Each structure stands twice: as structure tokens, then as C-alpha cells.
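There are structures below to look over.
In what comes next, chain A is part of two complexes: it sits with chain B in the first one and with chain C in the second one.
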Partner chain A sequence: MIDLQLTPVSWQIMMVAACAAAACGLLGVQLVLRRRAMLGDAIAHGVLPGLVIGFVVSGSRDLFPMLVGALIAAIFVSILAEWLREHAGVDGGAALGVVFTSLFALGIILIEIFARDVDLDAGCVLYGMVEYAPIHQVEWFGYSVPRSLTPVLGALLLNLGATVLFWKEWKLCAFDPQLARASRLPFQTLEQGLLVLVAITSVACFEAVGSVLVIAMIAVPATIGHVLCDRMSSMVIVSTLAGVVSAVLGTVGAIQLETGVPGMMAVSSGGLLVGAVLLAPGRGLIPAATRNFSWTMRVEMEDILAESHLQSMDSPPDHTDSAGAPSSRFFRILATWLLWTLGYIRNGIPVGRGERMARTLLKKRSLWKRFAAERMGLASDHLDEPAHRIEHHLDDDLTRRLESGFESEED
Partner chain B sequence: MNSPAIEIHDLTVSYREKPVLWDIDATIPEGSLCAIVGPNGAGKSTLLSAILGTIHPASGWLKIFDQEVGKSQELIGFVPQRESVDWDFPVDVLDVVLMGTYSKLGWFRRPGKAQRDWAMECLEQVGMADLKKRQVGELSGGQQQRVFIARSLAQDARLILMDEPFAGVDAATEEAIRLVLLDLKKKGRTVVLVHHDLQTIENFFDHVLLLNLRLVAAGPTAEIFTGENLLRTYGGRLTLLDEAAEAVRRIRTGRSRTGRDQ
Partner chain C sequence: MMISPNTLVILLGSTALGTCCGLVGALMLLKRRALLADAIAHSTLPGICIAFLLGGSRSLAVLGVGALLSALLSATLVSWLPRITRIRKDAATACVLGILFGAGIALVGIIQRSGLGGSAAGLDGLLLGRTAGMLRSEALLFGISAMMMSLIIISLRKELLVSCFDPRFGLSAKIPARSIDFLQTSLLAATIVIALPAVGVVLTAALVVIPAAAGRFWTDRFDVLLAISALIGAASGLIGTLLSSLHSNLPAGPVIVLSATTLFIISLLLAPGRGWISRHMQQRSRLQDRQVRQFLDGILSSELEESSLVVLKRQPVTTAAIDRRNLVVSSRNGWIETDSQRIQLTPEGRRRAVRARKALQIWREWLTSEASIDRDLIDLDEQDIEKILPPDLIDTLQRSIDHRGTS
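Up next is the complex of A and B:
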């Protein structure tokens, strides 16, 4: 029995996780649109040594020194990667990969060196401590909220503000950098500003949810948005929601299965992405396959009905179907069975609705043949093949237009 | 002759130490319809980028309407090469055309009804108004090209650059682009475009710029577009120039294997 009653503590965990996910999701949209989600990963990882140094120097878990250290590290990551790409002839993705893994490892080593002096361990950096968020509380307007909500909510508001304020500028930079540069926009500043925001968000969220989750929440919700949406506005909304939904599923799932929240969140977001790819209306794999299948079945059924109708009228079948591939034979058998089950065909003769379908198809076929012969000037022995190809695609409207076309001519 | 729209003086551009444009000197008068012509790898797109100000010359200078590129506040309309656009980007046709209005809007302001009406007017001109809600990836190649032409119209710039607008488009689009170009010319705009079809140059463009790493010739079509000049443009790569560029690259980089070309 799953108990979905959440305790106040769970609500607080969920709130922190959701804000972090939404903050990352908003930036993720910008990075995914530039095809640079990898840069988000790189910065989220690469800030670690700066973070640790800031932590060690200040000797406290205050946000500000860590933020400064992380920002310096983030800028270092992008400069170093760019430098490697330029001067070592390394491809851009690989350069980033080299830089951020080295820096991340350096960060881990630093943590271990200073482990005696500071209250920071590698596990907490990787997986965060969102489960312990409710332990440290602060007062906000008389409400007691988790301390880590402040930076996470701050990052969310900052990213939301930037997304809204620089909406059209960022859109142009992402879509057409050349025009953005040419139309007097401070292109470099805008793009670097985005990276600074990624660094700030990484730091603000890392304590709450850990760097693994920052990476997942930058890349995955935005990709879901990209799969599902045709406009940037809807993509921003869907991506943010996908982040929040992952947070909710992650928290609930973690409580049910008694595992860590960040891991559960990353898994949920991955599951959502798979769901989006499979089920996206129109483009999704399953809707597309269903459409294809039902279309194939319709064509097969109509063909069988028309053939049997012609045979029952003792006219020679004008559509001789070759045996075809095993798959098409499979569809044919399935269609025959379906027709029989539906009662559209009895003893090889279309009846009821089946008969009407057969007549409609034959009418469309003859209309098209006439159109092809009279208007397109096709030779009489070339009429069958195109007619068979097109007849199933003629909807009522087109059929009417074909008919009325001939009628108005006859008038 | 009109006052110059573009002045290019001693322009040299290089990628990673290797010069791809050598010492270009040319003037394109205002109100002209100018084709940049040359073989693949002649540096045509590079020249456009230099005019746009997105790459910096190694030496020499460029002026647009008598102001240096980079310092100039002049708007330049731009139609990119079709291959360089991300067609999966979540924007519809109207969104793309609206981008042409952004720079006149200034910071933080969203395009409103006035901008949308203007964008629709530009779409009408290229015969794409019906498709305004389509995502750009769902259009045919010619339609995609027309959307970007409409965007450059929406920019309402005195100077418009187009990188191969006629590449791989259907007859309807070719005609639509032609009409737009003639209309722009009538309004006194300057249009510079990279062009491949040598057959259509003589009766359509009043200026040509023949390019093959260096400037072969530039000026009014009637004077410049001669068989002799074309032979000098297309008649084999200038192997000497190529070798010189290669030598520069080798010495500067200290490597012997051939690097990435352009």
C-alpha cells in the first residue's frame, strides 16, 4: 500500500528540490537550444575546486566566498576549454571533457586534503544533502523554512528574471549568432552572462541537490521541452514543469523506496524523457507507429473489400496484388481477419458497411483514373498504378472537388 | 556614380594564420545589386562575414556608408546560408521574421502589434503569409529561404547581405526572390549576394565582384563580366597563392601536415 501522505519534512524537501530543478531547467533551455548542454555539465563539475577553495579560505559554509571561488573556476573552465580547442587542435566537446573532469578530480582531491579541517565531503558534493535540508531552518516572515531554500529560490528567481528580460536577445543569439553579432547586440557579453548564470546556479543548487543532479536537471528537462514543443515559450514552460515534476516524483519515489532523493529525481527525469520521446503527440515513436499501422491496415482492408466486391460482381479484378514481402502478407491476413470479425465481409462478399467502403473506394479509383486520363494526359495502360497509390488518400473534400470539377465541365 | 555603400581597402582576412582573402580593394555603390562570384573556397562567405563585422580582418579596413565596420551603428540585413541554420529550433515562421525587428526595438521590449503587422507585410511580399504558424523545420527548402528573405526585409536595412539565396530553391522561390530584389533596388537599397549561377548574372545584377582568394575584378557588370575575367576567376586555382598561404601556415604553426581548410 503506497501512502502518499507527505509529512511537512517531505514537503520541505520537495520544495527545495523543485526550486533547484526549475532553476536548472530554465538555463538548460538556453544551453540545449545552443546545442551546448555539455557546457552546463562542464561548468557544474568544474566549479568544484573553486568552491572548495572558497570554503577553505573562508572556513565557513557561507555562500558568498564559495560563489566567488566557483565563478572564478567557471570562467577558468570556459577559457581553458576554448584555449585547448584553439591551440591543441582538440575538438570542442573533448576539450570541455578534459577540462572539467580534471578540475572536478582536483576538487575531490582538495576536499580530501582539507577533510580534517572542513565539514565537506565528496559524497555530499556529488549527491547533495537535500534530505537534510529541513534540519537547518531559518525564519522568513514568520514562517520556518529550510535554510537551503534561500540560495535555490534565489537562483530560480535570477534565472527566471534573466530569461524574461533577455528573451529576444538570447533567442536571437541562439538561433542566428551571425545576425546577433551584426545587429549591434553585445553577443559575447550575453553568452558569457549565460555561463556566469550557470556557474551561480551550480553553486546555489549544489549544496541542496549535489552536482550530479545539477547536471541532470540542466540537460534532461530542457531536452524534454525540445522534444515536445514547437515554440520557445512553450519549451521554457514545459522544461520548467518537467523539472518540477521530476522533483515531485523523485521525492515521493525516494520516500517510498527509501533511497536518495537526487538519484530518484535524475531517474524520474530520465523516465519522463523516454516517455516524451515515445509518446510526444505527432512526433513520438508510438503515435507515429500507430498512425503507420492503422494506415496500412486501412489500405489493406479497403483493397480486400474492393477486390471482393469486384469479384462478386463478376468483373475482373483490376488490381493484381503480388504476394509481396512476408510483412505485407502478415498485414493482409490480419486485415482479412479484422474484416471478418467486424462483419464487413461474409463468404467473400462485402456486406453492409463493408460494401459501402468498397463502393466508395471504387468510385474514388474511377474518378482518379478519369482525372489522370483527361487532365494529366496519362496513357490508358498507365492509369492503374497511380490510381492505386492515390485512391486511399482522397478524402471526402478532395473527392467532391474532383467530382464537381468534372460536373462543371459537363455543364 | 552614387556614393559608396561599401568601401573595402587592402582587406586581408586569415583563419589560423592562413590568409583566405588577400588584399581586397573594392567599392560597391549605394543602390546597386551586386553579385559576389567565384569558385568554391574563394572566400565569398568570408567577405560577407567581414562586411557584417563578425570576423576581424588581419589588415586593411572596411567602411559601410562611410563609417568603419565595428564602429558603425548601421543596420545590416542578413540572409544566412541555409546549411548554417538550426532547423529544429522551436520557432515558427512569424517568430523568425519578427527577429528582424529586434534591433530597432532595443533592450527589454517585446515585439507588439505594430511589429507583427510589419512582419506579416514582409511575409506577404514573399508569398508566405499563409504559413506563419509553421515551425521552420516543416517547410520546404525554398520556403525556408523565403522566410529568411522576409526577415531581412523586416530589418528594413539600407544594406542587405545574402549568402547564396538561390542555392537549391524551386522555381517559385527563385521568382519570389527576384521580385523582392527588384523591389529593393527600386527603393534604393543596396543588396550584395553570393551567387553561383553565372547565366543569370548579366541581365539581373548591375554590379559584380569576381573573387578567387584575391579580387579578380569588380565594377559594373557590363565592363567586368567578361570571358577573360571569368577565366581568370575560375581558370584553375591560383596554385602560387595557395602555396604561399600554405607556406605561411606551415611556418607559423610549425607543422607539415595539411590542416583544416577554411
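Up next is the complex of A and C:
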């Protein structure tokens, strides 16, 4: 049994991490919908020189000047990348890549030149220091909370407010930018505002949880939402929840494995994503595979039943060899075994329910052949193959309508 | 200054490395997969850590195999996720990057705390690179493998060209698109793994992306792009390593990247044709040409009407400043003669104005006869336009005109 040992310190770490993850998850939805998920990565790296300059100018590790510097750098990244794309004809991905890697390199050099002897290195930008969050405490209404909770919670509330306030506008901009432009929305302003929010969020989260986490938490929870949902509202909820759940799992995992919280949060969000991809109702890989398998088995079983029924009636053999769905020997053997186990077929003759299925299928086949010949005017040698394909798809309703159509014709 | 044999080997190694990155980067740029490099570079970290935990050594071969395997895994995931799920390419890239890099950092934490000791610092070095401290044998190894990969790319130029621009045609010409694609991805992965110890996890992507993006300003041709991109890569490798060896406290990776960035900015500004300055000049001269044409046309009209009024007053759409410039340009080119009262076209100026007017007439004729646009719709005055177009649309169009005017 795992002993969770959640001390108050762990709770505080978890709280900061969860707020950061939720703040990123909210914005991630907008970015993923706009196909700009990599922007989180770019901004998370690109803020480095801004942080360093803010640090150098203020000469202290105060949060505020560094936040301002980083914010300016982040806005600079997004505007510069956009400019390169629009006005210099650089491919979008490459533009982003050029800008943020250059800025990151610049940031490292600035650190080496100006801030070598102080406790500011690229590692702490990347990894963050959420573990140390509980060290610095501030008083809130008589409760003692980690200092880094303030910016993270602020970012969360800001993003929440913006998401609620600009719900309709952002939705339009994400799904139909042309319409948004044409319908007098301040399209540019809205999109720029989103970028500024991404910048604020990544900067606010940086000190608490590091840029790795910003990268993962902007992309992964929103992608989980995208895999699971069809509506923006549900996507926002799922994404935020996924962020919070990964924060909880990540903190617990980090305590268990004695490693960093941000990394473990990224890993647990990855686990959630794998789960969503595999199990998403309807379109997950496992449900889809199950559906395909059961459909293949049904077609195989129906074909075998129909064939053996025709043989047992000594009818002239139907040319089924090339017709019908392409099947592998494996599925054929499996279907034969299943039919025998279910008792649908005995000594090569369909019995009971099997016989009924075979008759139904043959009826559908002949109905369709007749329909194709009479109504669609297909030549007689073109009838077999489409009939073999379509017979499995005719449901009861369609069969009845075909029947009644022919009957009314005969009347 | 003195260059020791050791430095020379390292210089050669990083130059070869830059060349290789430039070549691979050009391919990735054309396939619009520039950021894949970033994802792959970041996601080598867990592979390296696992190799370290399993192999228990810091030997580059062991770590390299681990890095290569996880690089291939991430490349496969990025290309495979959008195909079988509804996750799009950008989200797949960002997710794979975030998750695997996060896993790597978690593993680094585990290694550091499990007391495997000083060697963990070596893993940390992988984040930012350490060309200066590169061993001679390592530099040799990287240089040779970079050269080999460059050779592969150069010898498969034609196949890669086809797979970048027209994979369907490639299929019909019996070029196996899938294997070429896989080859490209493997080359990218291998390049990144080789570049890792020199420039580090975070900045390897830069070395792949920037030279190619810079090269793209200079040319529209595939072979030339490969060459220029390789050249820029090589130059940044060389310059960066030199600079960082001069200032021993500068880590090599960032310096190499910033050298590449400098070359990128130079290309962005100065490249003929696609460079910013050249584009700007083209745009200006086109605008000026048009204004001069309109100016001459105005004079022509007034001359045809045989009115001797001062032509400047017939130019309500242009500002006085533009008029003055047009006047200067036209008279400098000998298209008009001015005296104190009147402006007159010279024969040359008249020929130009008439030619422009004729071309415009022919264009209008083509619009009506061949493109069958109603004659009434081509030359409209303001009242008609206000009648035909809804006010909303007029507003929108006006805004886009203003926007173009200001940008």
C-alpha cells in the first residue's frame, strides 16, 4: 500500500501546481483550436531574455520587474513571429522557431554575462521551483499561503474571466476567422489579446512551476479536451479538469519517486492523453478497433451462413469468391469457430438462429439485386458484387421499404 | 592568435555539424516541419536518461543510442497521432515535446537524487551544450558522421526534392515516398542526436531551423537552398565555436545559435528579391511608377481637351507633396517641360502617356469581352458604387484600403 504522506507542504505545492495547470489549460483550448499549440512552447522559451533583463535592471530577484521584462519579451516573440510570417514570407513554424530559439540563446548569454554569480540559471527557468513554493509564505486573510500562489492564481482568474467574457468572440475567431473579420469584430485586437494572455500566464507560471510545465500544460490538457469533446464548452471544462488532475497525480508521483513536480505533471498529463486517445468514447482507438472487429465478424459470419445455406439447399453456387468484403483467413476461421460455438451451424448446415440469419441475408441479397436490375438498370452480370457488399448494410427498415415498393408495383 | 590542433579539430567538427544541420533543416523547412526538430530535440532527454540508468555509464555511444531511439519514437508519434486521431499536427508536436521533455526532466531528478552522483552533472550539460569542453575524439566522431549524412542528402537530392514538393509524382516515378520520408525523419533524428552534446537539447532546433529559414530568402531553387543553408549552418558553427573559444565563459551552443541568428537577420534584410529592403524598394518604385503614370495621364487629358489650365489642380486625389515629386521625377526623365505657367508633355512623355492609356483601354476591353465583366461595372462613379455596394461592404473595403495604406 502506498503511503501518500500528504503533508501541508505537499498540499501547498499541489495547490500552486493545480492553479498553474488550470490557468494554462484554459488558454490551451484557444491555442489548440487555432492550431497554434506550439506558441506555448515558443513563449515559454522566449521570455528568458526578458526575465534576465528585468533582473539586471532591478538588481534584485523581485518578482515584478522580472515579470514585466518577461511579459515584454513574450509579446515581442508573438509579434515578431507574426511579422516574419506576414511581411517577410517565412513559413509560420520556421518563423516561430527562429524567434524563440534566438531569444532563448540570447537569454542564456545574458545570464552568463550579467547574472553568473547569482542564483538564476537556465535550469531554474526550465524546471521551475514549485518544490520551494512553501518556503516563501505570505498572509492572506489570516491564512499563510505560498507567495507564488499569488501570480498563479491571478493568471487563473484572469484567464477564467477572459474566457467567460470573450466566449462568443473567441469562439468565432477560432472556428471562422473569415466571418470574424467580416463581422466588424476587432479580430486583430482579440487575437493579440489572447497572445498577451498567453504571455502573462507563462510568465506568472514560470516562477512557480517552470517553463517545461507551461509547454506541457498549454498543449496536453487542451488536446485531451479536443480528443474527448465536440463542443468548446465541454472542451474548456475537460481541459481545466485534466490540468488539475495532472497536477494532483504529478505531485503525488513526484513525492513517491522523489523527483521534480513539473516533470511528473507532464508525465501524468501524458498518461491522461494516452488514456483519452485509446478510450475516447466513439473515436478512441480501442472503441474503433472493437467496432471494426465486431463488424468484420458479423460480415464473415453472415457470409459463411449464407454460403452453407445455399450449399445445403443444393442451389447453384453463388460466385462469392471475389465478392463481398475482403477478408483474411484469420477472420474467416475465427468466424467459423464462433458460429460453431454459438450453435448456429451444425455439420455445415445452418440451424436455428443461424438458418434465420442466412435466410434474411439471402432475402436482402435478392431484393437488392432486383432493385439494382429494375430501378437502376444495372446489367445482370454487374449485380452480384454490389449485392454482396450491400446486403450486410440493409437494415430492417430499408428491407421493408424495398419489399413494400416491389409489392405496390406488383399490385 | 594561435589555434591549437585540438581547437582545429573542434572547429572542423562544429563546421561539419553546422553543414549537416543546414542540409537537414532545408528539407524540414520545405516539408513545413520546422518545429518537429524542436520536439525531437527536447524528447531525446528521456532516452538519454534511460540509457544512462540502464547502461550506467556516460559513454556517448550508450547515451547516443538512447537519444536516437527516443528521437525516433517522438518523430513517429508526431507523424502518427494526426493520422489516426483528430489531434492536429501542431498539437501533436507540442504534446509530444511537453510530455517527453517533462519525463526527461523527471528522470534527471530521479538520477540526481538517487546518488549516481557527479555524472548527473554531465546530463545537465546536455541541456545547454559544451563545445569548448568537447573531446577531440568526440569532435572527430561528430564531424565524420555529419559529413556522412551530408553526403547521403546530397546523393539523394533528386528523390528528396520530389518527396518535398510532389510525393504523388514520386510514387508514379517509383520513388518510395514512405521510405524517403522515413529516411528524412531518421536523418533529422540522427543530426539532432549528434548536435546535442555541442549545442544542447534546447538549442539544437535552432541550428536546424535558422540556417534554412535564412537560406530561403536568397533563392527559390531546391539545390541552391540546400547549398546556401548548408553554408550558413557551417558558417554559424565555425563563427560560434571561434567566438566561444575566445571568451571561455560563454557556452558554445547559444553563441552558435546567435551567429546563425545574425546571418538570418542579414539575409532577412539584404537578400535580393525576397529580402526586406529589396521588397520595400520594389513596392515603393511600383507605387511611384503608378503615380507618375496617373500624373502624365492627367496632363495628357488636359492637353487633349486643349485646355491650358494649370494641371496640378486636376489632381484631386493626390497630395501636393506627391505632385511635386511626380513633377520632379517626370521632368528629370524628360517626360514634361515646365515653364512658369504651364506643364507640357514632351514627345517622349506623350508616347508614354498614350501607351499607358492604350494599355488600360485594352485591359478594360479584355475585361468586358473575354472575362465578360459588365462594362458598366468597370468604370463607375461614386454614386453608382454607393448604390451597388451595401454600406457594410463599403465600410469593410474602406477599412482594408486604409489598412493597406498604413502598413
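In this section, the second predicted complex is superposed on the first by the 366 of 411 C-alpha atoms of A that agree within 3 Å, B and C clash if a C-alpha of one lies under 4 Å from a C-alpha of the other, contacts with A are read in each partner's own complex, and residues count from 1 in each chain.
Keep this in mind: a residue touches a chain if its C-beta (ideal position, glycine included) is under 8 Å from a C-beta of that chain, and two chains touch if they have at least 3 such contacts.
Since the structure is predicted, the reported quantities are computational estimates derived from the model, not experimental observations.
**Q** Mind checking chain B and chain C on superposed chain A, clash or fit?
**A** clash
**Q** Thinking of the overlay built on chain A, is A:Leu96 touched by chain B (first), by chain C (second), by both, or by neither?
**A** second
**Q** Please work out whether A:Ala182 is in contact with chain B alone, chain C alone, both, or neither, and reply first, second, both or neither.
**A** In the superposition, A:Ala182 touches chain B and chain C alike.
**Q** Touch check for A:Ala174: first (chain B), second (chain C), both, or neither?
**A** After superposing on A, A:Ala174 lies in contact with chain B but is clear of chain C.
**Q** Have a look and say if chain B or chain C is in touch with more residues of chain A.
**A** The partner making contact with more of chain A's residues is C.
**Q** Have a look at where A:Met232 lands relative to chain B and chain C in the superposition and call it first, second, both or neither.
**A** Only chain B; A:Met232 stays clear of chain C.
**Q** Scan A:Leu241 for contacts with chain B and chain C and give back first, second, both or neither.
**A** In the superposed model, A:Leu241 contacts neither chain B nor chain C.
**Q** Once the shared chain is lined up, is A:Ile349 touching chain B (first), chain C (second), both, or neither of them?
**A** A:Ile349: touches no partner chain.
**Q** Just checking: does A:Val212 make contact with chain B only, chain C only, both, or neither of them? Give me first, second, both or neither.
**A** A:Val212 contacts chain C only, not chain B.
**Q** For A:Gly40 in the superposed arrangement: first (chain B), second (chain C), both or neither?
**A** Once the two structures are laid over each other on A, A:Gly40 reaches chain C alone.
**Q** Stretches 25-33, 241-249, 349-357 or 385-393 of chain C: which one clashes with chain B?
**A** 385-393
**Q** Chain A residues touched by both chain B and chain C?
**A** 35, 182, 184, 226
**Q** Which residues of chain A touch chain C in their complex?
**A** Counting only chain A, the residues touching chain C are 32, 35-38, 40-41, 45, 84, 87-91, 93-98, 101-102, 104-106, 108-109, 112, 116, 122-123, 126-127, 182, 184, 212-213, 215-220, 222-223, 226-227, 254, 257-260, 262-267, 269-270, 273, 277, 283, 285.
**Q** Hey, which residues of chain C end up touching chain A in the complex?
**A** 29, 32-35, 37-38, 81, 84-95, 97-110, 113-114, 124, 127-128, 202-203, 205-206, 209-210, 212-213, 216-217, 249-251, 253-255, 257-258, 261, 264, 268, 274, 276, 396
**Q** In their complex, what parts of chain B are in touch with chain A?
**A** Checking each residue of chain B against chain A gives 49, 52-54, 73, 75-76, 78, 80, 84-86, 88-92, 95-96, 99, 102-103, 105, 107-108, 110-111, 135, 155.
**Q** Mind listing the chain A positions that touch chain B in their complex?
**A** 33, 35, 165, 167-169, 171-172, 174-176, 178-179, 181-185, 226, 229-232, 234-235
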